[in-house]
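Chain nomenclature is as follows: A, B and C, assigned in order of appearance, with residue numbering initiated at 1 for each chain independently.
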Amino acid sequence: MSSVEVQHQQPEPATSLIPTLPGAHYTDPAIFEREQSRIFQRHWFAAARSSDLSEPGNFRTVDVGGESVVIVRGRDRSLRAFLNVCRHRGARLCMEDSGTVRRSLQCPYHAWTYGLDGSLVAAPNLNSMHDVNRDEYGLVKVALREWLGTVWVCLADEPPSFADTVQAAVSGRLGDHETIEEWGIDELVVGRRITYDVKANWKLIVENFMECYHCATIHPELTEVLPEFADGYAAQYFVGHGAEFGEEISGFTVDGQGGFGKLAGVGESHDRRYYAITVNPQVFINLVPDHVIFHRMYPMAVDRTVVECDWLYTQDVIDSGADLSKSVELFHRVNQQDFDACERCQPAMSSKAYAAGGVLVPSEHHIGEFRDWVADAISD
Amino acid sequence: MSSVEVQHQQPEPATSLIPTLPGAHYTDPAIFEREQSRIFQRHWFAAARSSDLSEPGNFRTVDVGGESVVIVRGRDRSLRAFLNVCRHRGARLCMEDSGTVRRSLQCPYHAWTYGLDGSLVAAPNLNSMHDVNRDEYGLVKVALREWLGTVWVCLADEPPSFADTVQAAVSGRLGDHETIEEWGIDELVVGRRITYDVKANWKLIVENFMECYHCATIHPELTEVLPEFADGYAAQYFVGHGAEFGEEISGFTVDGQGGFGKLAGVGESHDRRYYAITVNPQVFINLVPDHVIFHRMYPMAVDRTVVECDWLYTQDVIDSGADLSKSVELFHRVNQQDFDACERCQPAMSSKAYAAGGVLVPSEHHIGEFRDWVADAISD
Amino acid sequence: MSSVEVQHQQPEPATSLIPTLPGAHYTDPAIFEREQSRIFQRHWFAAARSSDLSEPGNFRTVDVGGESVVIVRGRDRSLRAFLNVCRHRGARLCMEDSGTVRRSLQCPYHAWTYGLDGSLVAAPNLNSMHDVNRDEYGLVKVALREWLGTVWVCLADEPPSFADTVQAAVSGRLGDHETIEEWGIDELVVGRRITYDVKANWKLIVENFMECYHCATIHPELTEVLPEFADGYAAQYFVGHGAEFGEEISGFTVDGQGGFGKLAGVGESHDRRYYAITVNPQVFINLVPDHVIFHRMYPMAVDRTVVECDWLYTQDVIDSGADLSKSVELFHRVNQQDFDACERCQPAMSSKAYAAGGVLVPSEHHIGEFRDWVADAISD
């Protein structure tokens, strides 16, 4: 995932089985803590949907790399992110997952008051403390970018290039920088959000998403809609390739019928096709002609991961009052099937049978790249 | 808190912000274990109210520094304390929080039987074991003192001077050794006891009690009764000073009305005033003209503390059947407000924003002394 | 327990108190992990009753030394055991405690399929992976023996001699190799199974079973049936000795009445007697004239142990529809009394009063041997 050019080349399929990460990487709390600081705090992290914070004063709190981050929209309509900790005595500023404040974030303990830009604007007796530098005691800022209607934050002091990481992952998968624009993701609205609490290490979920060798076994509805998935090669195996709908299939729905008509910007070559994109370390995006499914993963513990999944449609579809249930149901079932499989793997990761890891078949080739990416990211 | 003389001097107010303890001191189980052995096992610990054990054979079990301690009143009416462990195979002698035995503490596993003075008095087949020294297998004794109607225990082999620690803390706050006697605390009786289970490190609770900078923000009822608290200086900031009731206030109650008349011994200079005393590491005492509020803290885990709070009145008030509810309600609300604040701080102690700690404003000066006391107590 | 000959000698009773293991051996998770790998994974472990797996395709999953092991009966009616982990990506093969498969164990994630002999027989696209050695990717085998109607497994690469360990423990207790055969344990059937979830370290349970010094205190029903137990010497204290029923006792039941007539093979010298056998590290067997009680212990955590207890009767007794309740009730009460005692000890193991351990009286002599056996097993 280092550059777009490299990704354009087809990977050389492995001819024999190659190893996964060792089992301890899925069970050792010390390795998880290292991943929190080396991966989730250092990389761009998809924290929320921008539209969750549509009005000034709207805030959301999210767990990023073990830190509580508060994202808030200012009176100037800009989004900003801060560590959710008062600089005085450490109280959590916002306890709720989401909410609305007026003009400031006020600590409910001693009333230290911060502007929506994070600056310390007031505190009891502050004027009598002549030596206090208000700038020094503003909230700790977190880097923030918006793209694809998504709020990406980075806890690093010097965040990596957004273009070379997040955007390169998307273009590397689709084959160019422009294609993703066809879906107009930032204009779509959340038709349905489902949050899954998965009793499995986050990497099991990523690895599951990266291969389709399991599709024939656990995803009967999905392979009905996308027959080529029964062969075991995930859509993301080939750069620029989208899995084609079956001949009898008229929509990406649980029974293959219905759907809502192609999005206006989507080109004919992408109609009747499904594209899946993984953005390391915690985003999965599915593109189909009439909607987009956007997963954000929140690793909570070495054996627990929360996944927030948005089904995104045009404003027109939502306004029409259309029944989304068959559209949502397809990938909701896929999610449940996948997360059940991940939860079945988690307890075996501590077995001596898995001490050196398992093996990858050739169609699971991408997991090997992910393994190397993780191992490199947490090494000294 | 080293001597009474030093405490008589007013502290020099800090002119700028000084640091708190680093965040890890509130979240690291290893530091908590060190505090258990270096602080709670080595200092005098207020374990119970003497009147909880009014009759011979009455016992209470309490957690002190990670140990279960059983306190029992003997046939000679003396109180004694022991580790709550049979010397034979380690069974807990008393499983209940409190209860009554007859003449002995008998282990329910193999019937080893100990006198209420802790000596081994009987065991099956003991007479045939000629080499067994009964003195050697008595219960492990714990030092015990009674003062202010309170049972203080110390797990150290050589406890520190009670006068130089517990009593010096009280006299250092009030300005002399005699004033505390005016309330006749050992003669008062428990009108109400409320036990709080707080999801916060014990030091957050101590620190909260040591400053009133938060009073205006979270204690509307208390600042109504004690208007000077709205300025942010805790009563204990000035040696010998008691916060004065507001002009319209006739009692230390939730609505400022009622109350039960000054205790007989309380001098006129202490009428219509509120005094708060902290005795390191786990006692808070509030003195008002007509009653006393006595808090005992029991640290249970790095992020969990139990607080047992007694409201103490004269026997006459209790016998009269007077309604205590408005009297109790004031500080019960204060407790709830404070403990909510502590619970709001606990999760942020692990943030990198708090890795080096927070800051103290000048009116929180006492917390800096407490910080130094703790750091010194757990250092090598 | 090294050889039968040594066990024939009566132990020299200790004349004074000797120490138990230090308290940390009952509370330290690191010591428990060492016991899992050094004791429970290296010794023969009674995993299940053979009759739990009576038909081809029947399986049971059990926790052995921290590993999930699946035991399955093949089409050839042989029992085999494997680590319950797919060799591909580590999914648990069997999630249920017991069940039935047809001709194979198929992983529900990617459909890798193993014969009931553990060999890899099929996987999607396997034929196209020319380099894959199917033998290399069979399930990890676990050694298995059947004896006394029990499935014994061993996770070690080179299991110890079954004769020198398991069988020597039984014959060492009874005085010879032949006596155990009189009860025909492999022909008996399970009349009742009760599973206990005990909040105590496994060694507290073993130690409890090894002495009868507690019998007079906590087992009123048992000492009524076996009056000599009131003296405090366990049946296993003397090699070959069985505790005799009281004169008024006609059966090993909760009220001493009834019972089902002597098993056909049991000799007259063993009638009206009770024998108890401990097989390190996790089996207790009780022999009485008309039935057998067989305990299998499963250590789950340093402070938690599951005990599965079978009451075994002849097929004739079961077929007759006889009321087993008074027969089962006697030892069920004994179990509850014992496990309550163990749970009372567990919390005190972390006390400084038990840091160096407790003491053993002379009649607890066998616990000293067990202590040495454990200490030796986990040492380097």
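Basically, contacts are C-beta pairs under 8 Å (C-beta built on N, C-alpha and C of every residue); 3 or more make two chains touch, one makes a residue touch a chain.
Since this is a predicted model, take the numbers as computed values, not measurements.
Student: Interface check for copies chain A and chain B. Shared numbers divided by all numbers used: above half gives same, below half gives different; which is it?
Tutor: Because under half of the interface numbers appear in both copies, chain B and chain A meet with different residues.
Student: What rotation angle superposes the Cα atoms of chain B onto chain C, in degrees to the nearest 5?
Tutor: Going from chain B to chain C via C-alpha fit gives 120 degrees.
Student: Need the CA-centroid distance for the pair chain A / chain B, whole Å please.
Tutor: Those two chain centres are 48 Å apart.
Student: Which positions in chain B are in touch with at least two other chains?
Tutor: Residues of chain B never touch two or more of the other chains.
Student: Which residues of chain C touch chain B in the complex?
Tutor: 15-17, 20, 23, 207, 213-214, 216-218, 232, 341, 344-345, 347-354, 357-363
Student: Touching residues of chain A toward chain B in the complex: what are they?
Tutor: That would be residues 66-68, 83-92, 95, 108-111, 123-125, 129-132, 137, 140, 155 of chain A.
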